[in-house]
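After this come two complexes, each holding chain A, first together with chain B and then together with chain C.
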Partner chain A sequence: MGSTIFLSAVVLIGIGLILGAAIGVVYKFFEVPVDPRVELLLELLPGVNCGGCGRAGCADFARALIGGEAAPAKCPVASQEVVAQLAQVLGVEIGRAAKQVAVILCGGDLTHAKGQMLYNGVDDCISASQVAGGPKGCRYGCLGMGSCARACPFEAIGIVNGLAVVHNEYCVGCGKCVDVCPRGLVKLVPVDAKVHIYCKSPEKAPAKMKVCDIPCIGCRKCVKAADEGQFTVNGFLVEVNYGDYPRPDVIEKAKCPKNCLQTCRGHEEFEYGKSIGESA
Partner chain B sequence: MKPLKIKIVSFKKGVHPRDDGKSLSRSSAIRTAPLLERYQVIVGQNIGLPPRVVVKAGEEVKKGQLLAEPSGFVSAALHSPTSGKIEGIIDIPGPMGIPAEAISILADGKDEWGELPPPLDWQTVSGETLKARIQECGIVGMGGAAFPSHVKLSPPPEKKVDCMIINGAECEPYLTADHRVMLEETEKVLLGAAILGKAAGVKNTVVAIEVNKADAIEALLARSGEYRVGVVGMKVQYPQGAEKQLIYAVTGRKVPTGGLPADVGCIVQNVGTAVAVADAVTGGVPLIERVTTITGEPVVTPGNWRLKVGTPVVEALKLAGGVKRDPGKLILGGPMMGFAQRSTDVPVMKNTSGILLLDKAAISQYQASPCIRCGRCVDGCAMQLLPSPLSCMIEADRFQDAYENNVMDCIECGSCSFACPARRPIVQQIRRAKAEIRNSLNHKKK
Partner chain C sequence: MAQESLVNLLELTVGAMLVYNFVLARFLGICPFLGVSKKLDTALGMSAAVVFVMTLASLLTALIDVYLLSRSFVIGGVDIRLNFLQTLVFIAVIAALVQMLEVLLQKFSPALYRALGIYLPLITTNCAVLGVATLNAGSGRNVWESVVFAFFSSLGFGLALVIFSSLRERLELSAVPRPFQGMAIALITAGILAMAFVGFSGLC
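On to the complex of A and B.
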């Protein structure tokens, strides 16, 4: 009895030693060199894999950083301090990339934009836009079904009163929401541009006023109030020139008759992380 | 009722609504609408390229005069529905919810015909001449798709076409326009069928009808010998009249994925189209009016009307005596595949087979609930797809999986949504998936 236990123990320990030695040999001869900086960078990077840098994820971005293919500031999520730390680890320049945030260029919430029909279908903007041009009267406006909000990995977009709004503090400018909007209303703008024209309808002013209380009617009061080149006029639509954006005091000066010229707003009304559910 | 002495065929699966609403207007004979003051003819009515407008504001036109000429091969001409003056080319509410360009005509009350092309002797002229006439008269598929008919009649030469099927299934609930046409204009249907067969150069021409229109089948059978056109009965099952299902029912052939009827040697044309073709060839009359069913429970006197193309829906509803109560929904076409409208200013088009009002109570206002895996959608799917897993995939944004499970084969007939006890909007989800997949395929091409 005792000898059986002894024998099995010896055999098992023997097998263990042989296989352990084999693993040791294989590890030595087939080693893949990994840059130790990747680990270090991964610890610093946010780790949300949002893809805002244009890479497949944070690990891919880290490899690109080490390969010199990307600059640390390309990560839209990381704060200034983190970017500085990244640059320090790599011993390179921070690189230049102005921080951007998303803005949804429509002000037509349920109070201001007239609804044209009762929509009772799939809760998704693309689906809603396929049914008779969408539930709202304006066929260029925000559908308010929250496709952008669901696409946002940071829960920075909420639906407030049937309108998608971006919370500036949570938005990191990864740009995931830009492609999902069937109306093309989401735009990435420099974080310091605080004045926006919340309308993107190219229709004629009377047609816009029929379906919305706060459209841009192309009156150009804002254009006159601002410095030259800060706004571009495009038919019945004035757009902010985000290359040379106006200062917030332009709102006071312009006295926009339709109130479409505004600073970022609306986001105070939604609670972080609960943005979509309560809107329905 | 005595049994019909014809073969009855069907496709596999499908659904059938218990009360199909056809009794509302089935027995009402076709009436011709009185002349209105104004007609608005939408320019882009056909699938393909919209035609090029050849008239200007202020110009006087006669009935049947060309308003817009085809701008390519897949494009159909437009003609004036009455004599009068062109008011202008304006944007009006379109049938898809977005504004559409339309020619507005102020009628002069005379309804005078302009010069028409001479009648043709269809038995002696060539198929090409017939096709040219069909294009000249602006004839499109009147069942719903509005595909230019001359294009369907000209399949690529390497595809041998041997069967012309005239679609009299009218499987959509509520609609009875085709039924009345077959009953009252039996001869024109058969003549049109024979002309279409001649134009395409096929030997076999059959009219396929669902057996709930027994009187129409009998009427056609009585005369079909003279025109050498066959008549086939079909089981009452939705979507019997969908192109691929119809071909399978009549010939047993299966149209391949992404293929056209010509791939299996068939051409399908609607009975309304056949009548229009008969008029165009034997009288030179362009397509300016059509038989449309104005129906639904809220309508005072549902019926079948011969309406000019360009008649605003609001005027058409007045013809039917207006509405008894506030309707919940206005649909152009049938309840299963028609398009819900948001304005009654939409005009009748060449493919408007029905103007349907539904009661508020008839419209589903339920919240969709999770799939309970009962499989009723699978039993109903006319394309033998698996709608329930597709629906769940799409809900989770798994479009690649949906693509691999042949979501692109879906004909959007709505049988799955109709059958679903959980009220899941399956067709709408599938439409979304198709849009997403087409987008990503386009991206790849670029």
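On to the complex of A and C.
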């Protein structure tokens, strides 16, 4: 009995010592020196690994910062103060990047867009768009199945009455939703551009009006109401020129006959989901 | 004789992978199975890391078992076996091995480290790795048999993980009734998957 205890103690202590020494040796001789600034930067960065900077996560971005391959302001999530702190750690210029938010250029919710069929398949926009164009009549509009909402790391997109709506106060402009939308409706715009034309269909106006109550019919009232160059006309579709965007008062002046021209706030509140509420 | 070794080989390979699948038949390594199976990429990374660690760890633990713990020491006329130290020693060895691997990988293969790095600390306390070591020791396999068994066991773990994560990716898109959403439907799926794997039980 005594010798069993003795022997097991010896074996355990021996193994412990050997393992400890081995770990020590490995750490001593093979350790890769990590730049201590990486840790510092990582603490400052948001740490959500959204990939909005174009890098594979915050750690990769931190390494790129130290390597001088990226500017601190490339992080779309970090606030101005955080960016300033990052720049301070690195001792470099901030680098300019205007804050952007996503906007989904479609107003066709279940009340305003006419359906063409009952879609009962996989609850995903990409799948739905491949099945005869999805449930809505408009082949260019929002499918409302929330592929963009699922892609958003910040839960800034809600599906309201069958229409994806970006909540600007949560959106950081990382652009993840842009690639996901099979209809290409999501656009990153400057945060100060409040007026949008919520339609992206290039069809002729009568065709659009058959499937939707609030399409852009290309009447150009907004173009006339705004300064030159603030809108671009493209056949039956008018687009906001986000390089020189119009002010919100243009909505009053233009009196868009289809209510397609809206501020993002107005877009959120304009009858959408009043009766049904969030269905996501 | 030849037939016997063939049966043995079958049990070590196909048996370890499919019939006695670590996750679905032995219920080992359930936490990574449920934890990192939400996306196929992470499941693949985790599987690769487990294959890597499990094979190496079983080599080490089998060596220790065969040459130290399963031997009888005679001290003062008393026959002493240290089998009872198995769990203790194996845990320490596996944990130390993973620690060292992390540093070595970072040094010699940064690409591999980037792919597996975040999963390595998770494996330190993975019960499947300890399970394979104790199973090897319990059935008296020699070192090479142990390594082959561990390799195919970990492949089986990876297979289960990859299948399950693909199922879960598909589940994301389905209209699951509210009471079943999330982990509930995942567990039910895992149960059905395990039942499917029972179908392999006649193989060897």
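Here is the rule we go by: the second predicted complex is superposed on the first by the 234 of 280 C-alpha atoms of A that agree within 3 Å, B and C clash if a C-alpha of one lies under 4 Å from a C-alpha of the other, contacts with A are read in each partner's own complex, and residues count from 1 in each chain.
Rule of thumb we're sticking to: contacts are C-beta pairs under 8 Å (C-beta built on N, C-alpha and C of every residue); 3 or more make two chains touch, one makes a residue touch a chain.
Bear in mind that the values here come from a model prediction, so they are computed numbers and not experimental data.
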Contacts of A:Q262 with chain B and chain C, given as first, second, both or neither: neither
First (chain B), second (chain C), both or neither touched by A:N241: neither
Partner chain(s) touched by A:V122 [first = chain B, second = chain C, both, neither]: both
Partner chain(s) touched by A:Q130 [first = chain B, second = chain C, both, neither]: first
Touched partner set for A:R139, first chain B, second chain C, both or neither: first
Which of chain B and chain C A:F30 touches, first, second, both or neither: second
Comparison of chain B and chain C by chain A residues contacted: C
Doubly contacted chain A residues - partners chain C and chain B: 122, 124, 127
Interfacial residue positions of chain C with respect to chain A in the complex: 64, 68, 73, 75-76, 78, 80, 82, 84-85, 88-89, 92-93, 96, 99-100, 103-104, 106-108, 110, 172-175
Of all residues in chain B, those that touch chain A in their complex: 96-98, 339-342, 363-365, 425, 428-429, 431-432, 435-436
Touching residues on chain A, where the partner in the complex is chain B: 116-117, 120-122, 124, 126-127, 130-134, 139
Residues of chain A defined as touching chain C within the complex: 3-4, 7-8, 11-12, 15-16, 19-20, 22-23, 26-27, 30-32, 122-124, 127, 150
